[in-house]
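Look at the two complexes coming up: chain A is in both, with chain B in one and chain C in the other.
Right, the complex of A and B next:
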C-alpha cells in the first residue's frame, strides 16, 4: 500500500503544473499568482510538517532533515524566482506561460532528485530537471546565442546523462541493486560505475574539468534563465551529490575520494583563473560559480567534524548572493538591451547608488572579505577542512580566493572608479529591487548575527 | 570598568558615517560635510583620551575588557581589551584621522561625502584591530581595513591609481589569507580564539615554524619588509594626501603591532629560530631602500622608501626580543607614525599649490614659504633622527639593543641612519634652497589650517623627543610582561 502522504510535496507540485497548464492558457498573470501562492503554501507545509515526509523508506534520521531543509529552501527560492521572472521576460518579449511550466517541471525534478534513495529515481528526477533547463536555455528562439546555448547544453547534458545511465547500470551489474543503502560490498566494477555517476553529477553542478558548458550556456541564455541555472537546480544537484558522497561512504573508497579531491582542486583553480580575462558579466559569474563549487566540494569532504550547518551556511549565503547579483543585473538595461559586458556597469555608482552599493556588498561577500557573510561561510569551510587535515586543498582554496578577489575587484572598479560611457537605463522593477535590497541586508546581517541561521540548520539536523 | 568605552570607540565613527550617509547631499555642501566629519573624529579623539587617563599601568594584562558571545558553536567571541601596547596606537589613529580630513579640506572637491564616510569607516576598523583580543575579530578588522583604503586610493588617487590600489589590495590579501589559514588551524587545535590563552599554548616546534611563517606573510606585507615592500611606493604615490597620511601613519603599524601582539607571544621558539631571517631582511630593507630613496625624483616616493627603511628598524628592534629593542621599536613606530605622516602632509601642501611632486620642479622654496620650510626642517630632522626629536629615541634604542645580538647588525643599522640623513638632507636642500624658480614665486605660505596641524604634529614630535618617558611609562610594563 503506497502512503500518498509521503509524496505530498511532489504531488502538490504536479497539481500546480496541471492547473497552470489550464489556467495559464487563459491568463498568464494569474498563473504567476497561483504558483506564488502554491509555493508559499508548500513552504509553510514543509516548515511545519516536514518531519513526517520522506520517500522510499530507509533514510537515516539526518537524511530526512537534509531533504526537508533542502526542499524548504527550494520552494522559498522558487517563490522569489517566480515573482522575479515576469518583468525580464516581458522586456525580451518572451513572456509566455510555458516558461513557468518549465520552472515548475525543473523544480519537480529537483524535488524528486533530492529525495530519491534509488539511482533510477534519481535519474528520472535529474532528467526531468535537465530537460526543462535545456528548454529554458533556448527559450529566446529568435536569438541565435540562446539557441546555441540550448543546443550546447542539451548535447553535453545528454552525454552526461549517458554517463550517468552507464554508471548506474554498471553498479547494477555488480550489486544487482539500485538502492543506496544496499550498495555495500562492491568490486571495482561498481567503483568505475560510481565514478561515472560522479562525473555526471559534477557535470550538473559544473565542477571543473566538467565545466566547459557553463560559461557558454550562462552567456547565451536569457539572463533570467541564467539566474535559475545558477541557483535552484544547482543547489538540488549539490544536495544530491552530498548525499551520494555520504550515504555511499565515498570517503572510504580511495579512488573515488581522489577523484573528489582532484575535482575540488581543479574547480577552485579553474574558477579563479578562468574569470580573470572575462569581459562579460555572465561568463565571469559562471567562472565564479565554478570557484564556489570548489569550496562547496571542500566543505562536503570535510563536514564530518563540523555540523552540516556550516555547509548549509555556505550554500544559503551563496544562493542569497547569487539572487542578489542577478536581481541587480536584471534591474539594469542599456540602450541595446540587457546588460552584458562588465564595462556596461561603468559609472553605476553615479547612475544608481543603491544598486552599486548592493553589488559591492555581494561581490565582497563572494570574495570572502569581512564584514560580509561570505567571510564566515569561507571561514567555516576552511576550519572544517583544516580540521579534517586537508591542508593542501585549504591552501589552494585560499590562494584561489585571492585570485578571485582580483576579478571581483575589477567589477567594483568599473562601477565605482570609471566614468560611464554608455547610458544605463534603469529598469525600475520593484520586485527585483526588493530582492536585492533584502539580499544585501541578509548578507550583511548574517555576518554580524549568523547564529539564527546556523541554529536553525542545526536544530533540523539534531 | 563596566562602561563599554572600546565598543564606543569602534561605534562612534560608524554611527557618524551612517548619519552622514543618510543625510541628503543636496542640502549639505562640501564644507558642512567636512566639518561634521571633523566634529565626529575630534569627539572620537577626546573619547580616546579617556583610555590613558583611566588605564592603570600597574596592572598586568588587558583592561576595559568587553566580552560578548558571537558564535556559541565555534567559541568565537566579541572580545575587546587594551593594554599599554594598543593605547598609544589608538591615540595615534584618532589623532591622525582629523588631520587627514583637515588636509583634504581644499584638495578633495569631488564626492566629498563618500570621502568622509570612508575615512570614518577606516578609523573604526583600525581601532577595531587594536582593541580586539580574539583572533577572529582581529582578522575581521584587519581585513576590513582594506575595503575603505582600496576605495580611497582608487577614487581619489593619481593617474595610475588602478594599478596601485589593486596591487595594494591583492598583496595584502594574499598575505592575510595565509594568516587566516593559520588562525583556523590554531582555533581548531586550541578550541579558542582568545589571545591570552593561546599565548600560553605550546604548539610544538615544527608546527610553530609553519604557523609563524603564515603570520609572517601577512605582517611582513603590512610592515612592509623587503622584498614585500613594492606595493608601498606605488600606493603612496597614487594615494591622495589624506590616504598617504593614514597609510604611513597607521596602516604600516598594523604589521609591527601584529608581530608584537601575536607572532612573538604565540611562537616563542619560532621567533628565535627566524631571528636571522628577519634581521637580514630588515638590514637589506634599511640599506637597500635608503639607497633607492637617494635616487628618487618624486618626493612622495622618496618618503615612501624612507618609510620602508624606518620600518626596518622596527622589525629589527622587535625581534631582538629584548626590552630595549622592543621599547625602541615601539617608540619608532609611534614616532614614524607622526613624522612620516607630517612629511606626507608637507609634500601634500606644495603639491596642492604647484601640482607636481618632482623634486626638480622646486627650488628656493624657503624664500617664498618660510613657515613651510621651518616645519619641513623639524620633520626632516626628526626623520633623520636628530637628538631632541622623537626619531632619535627609537633609533638609538634599537641600535643599542642590536649590540647584544650582533655587531654586524649594529653596523648595518648605523649605515642606515647615515644614509637616511643623506637622502633627507638632499631632499630638503633641493626643495628649499637655491635660486627661486619663477613659477615658485606664485606659491602662498601655509594657511591657518595647515599651520594648526603642523604645529600639533611638531609639538608632539618635540615633546616625545624631549620627554620620551611619556610613552615608555605606558608601554614598559606591557612589553615586559605581555611579550617577553
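Right, the complex of A and C next:
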C-alpha cells in the first residue's frame, strides 16, 4: 500500500497549485495571500511534525534531519519570495498570475528532488524545477534580452538533463536498480554514468566548467527571476548533490572524487577572476555565486569531521545574504528602469543611507570580512577542509576569496565615494525594505548572538 | 551466427547519443535543429533504458522510459514556446545571431 503520509508536503503544494489556478483567474492578489498562508501553514507543520513524516521512509536519521530542515528553509524562502514578487513585476508590467504558478511548480520540483530516494523521482523533480525556471527566465516576452536568456537556459539545461538521463541509464544497466541504498559495487560503466550525473548536477548548481549559462541568464532575465535562480532551486539542487555524494559514497570512488576536487578548484578561481572585469551588477553576482558554489563543494568534501552543520550554516548565510542584496537592488530604480550597471549605484550614500549601509554589510559578508556572518561561514568550511587534509584546495579557496574581496570592495567604493551621474529613484517598497533590514540585522547580529543558529544546526546534525 | 546481446544495443544508444551531442555542437545555424538534437539525446537514453530492462528482466526501466517520453514532450513544447516569442521580437532564429548578452 502507498503511504500517503510520506508525500503530505508535496500533496499540500499540489493542492495550493490547483487552488491558485482557479482563484488566480478571478483575483491575482488573492493568490498571493493564499500562497503566503499556505506556505506558513506548511512550514509550521514541518517544524512541529516534520520528523514524524519520514520516520518510516527508510532514510537514515541524518538524512531525515537534512530533508526536513531543507524543506522548512525552502518553504520559508518561498513565503519571502512570494511576498516580494508583486512590486517588481508590476514595475515591469509583468504582473500576471502565471508567475506565481511557475514559482509553485519550481518549489514542488525542489521538494520532490530533496526527498527523492531513487533516480526516477529525482529526475522528475529536477525537470519540474528546471522547466519552470526556463519559463521564468523568458517571462518578459516583450524584451529581447529576456527571451535570449530563456533560449540559452533552455538549450543548455535540456542538454544537461540529457546527460543526466544517459548517466542514469548507464547506472541502471550496471546495477539494475535506481534506489540509492541498493547502488553499490560499481564497475567502470556506472562510474562513467555517475560522472555524467554529476556533470548534470554541477550544471544545475552552476559550478565552474559548466557555468557558461549563468552570467547570461542572470543578466537577461527579470531581476526577480534572477533572485529566484540564485536562491531556492540552487539550494535544492545543492542538497540533492550533497545527498548523492553522501549516500552513494562517492568519496570511495577515486575518479569521481578527482572530478569533484577539480570542479571545486575551477569554480573558486573562475568565480574570483571572472567577476573582476564585470560592469553589470547581475553578472557580478553570477560570478560571485560561482565562487560560493566552490566553497560549498569544498564543504561537501570535508563534511566528515564537522558534520553537515558546517555546510548547512554556509548555505543559510548565503541564502540570507543573496535575498538581502537582491531586495536592496529591487528597491532602487533609475530613470530608465531597473538598476543594471554597477555605476548606477554611484552616490547611493547620498540617495539613501540605510540602503547603502545594508548593501555594504551584505558585500562585506560575501567577501568574508570578520564581524559579519559570512566570515564565520567561510572560517568553519576552511577549518573543516584543513582538518580533512585538503590543503591545496583550502589555499586556493583563501586566495580566491582575497581576489573576490577586490570586486566587492570596488562596488562599495562606487556607492560611497563616487559622485552620481544619473539620478537614483527610490522605489519605496515596504516588503523588500523589511526583507533587507532583517537580513542585514541577521548578518550583523550573528557575531554578538550566535547561539540560536549554532544550536539549531548542532541539535539537528549531532 | 551471433545473437544480439546487450552490448549491441548499448553501442547503438551510445552512437545515437553521440549523434545528438555532435549535432548540437556542430550545428551553427538553426535553432530548430538544436531542439531536434536534444530530442535525439533523450531518445538515446530511452533505447538504453528499454534494452537494459529487457536484458535484466526488470520492468522499472520501461516505466522510466515512459516517464522520459512525457517529459521530453513537455520540454519540446516549452522550448518551442520560448522560440516563438524570440522569433516574434527578433524576426529570425539564426543561432549565430543569439549574442546580445555578452561581456
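Simple rule for what comes next: the second predicted complex is superposed on the first by the 459 of 462 C-alpha atoms of A that agree within 3 Å, B and C clash if a C-alpha of one lies under 4 Å from a C-alpha of the other, contacts with A are read in each partner's own complex, and residues count from 1 in each chain.
Everything that follows uses one rule, which is that contacts are C-beta pairs under 8 Å (C-beta built on N, C-alpha and C of every residue); 3 or more make two chains touch, one makes a residue touch a chain.
All values derive from a computational prediction rather than experimental measurement.
**Student:** Looking at A:386 after the superposition, I want to know if it touches chain B, chain C, both of them or none. Which is it: first, second, both, neither?
**Tutor:** first
**Student:** After the superposition on A, what does A:169 contact: first (chain B), second (chain C), both or neither?
**Tutor:** In the superposition, A:169 touches chain C alone.
**Student:** Between chain B and chain C, whom does A:309 touch in the aligned arrangement: first, second, both, or neither?
**Tutor:** first
**Student:** Quick check for you: in the superposed arrangement, does A:5 touch first (chain B), second (chain C), both or neither?
**Tutor:** After superposition on chain A, A:5 lies in contact with neither partner.
**Student:** Could you say whether A:258 touches chain B, chain C, both of them, or neither, answering first, second, both or neither?
**Tutor:** neither
**Student:** Would you check which partner chain A:413 touches, where first means chain B only, second means chain C only, and both and neither mean what they say?
**Tutor:** A:413 contacts chain B only, not chain C.
**Student:** Would you sort A:120 into first (chain B), second (chain C), both or neither based on which partner it touches?
**Tutor:** In the superposition, A:120 touches chain C alone.
**Student:** Going by the touch definition up top, name the partner, chain B or chain C, that contacts more of chain A.
**Tutor:** With both complexes superposed on chain A, more residues of chain A are touched by C.
**Student:** Show which residues of chain A both chain B and chain C reach, each in its own complex.
**Tutor:** Residues common to the chain A contacts of chain C and of chain B do not exist here, since the sets are disjoint.
**Student:** Report the residues of chain B in contact with chain A in the complex, numbered from low to high.
**Tutor:** Residues in contact with chain A: 71-74, 136, 139-141, 143-144, 146-147, 150-151, 154-155, 161-162, 166, 169-170, 173-174, 177-178, 180-181, 184-185, 187-188.
**Student:** Sort out for me which residues of chain A touch chain B in the complex.
**Tutor:** The touching residues are 307, 309, 364, 369-371, 375, 379-380, 382-383, 386-387, 394-395, 398-399, 401-402, 405-406, 409-410, 413, 416-417, 450-451, 454, 458.
**Student:** Looking at the complex, which residues from chain A come into contact with chain C?
**Tutor:** Listed in rising order, the residues are 120, 123-124, 127, 131, 134-135, 138, 141-145, 147-152, 154-155, 158-159, 161-163, 165-166, 168-170, 172-173, 176-178, 215-216, 219-220, 277-278, 283.
**Student:** Considering the complex alone, what residue numbers of chain C touch chain A?
**Tutor:** 6, 10, 13, 17, 20, 24, 31, 34, 38, 41-42, 44-45, 48-49, 52-53, 56, 58, 60-61, 63-64, 67-68, 71, 74-75, 78-79, 81-83, 85-86, 88-90, 98, 100-103
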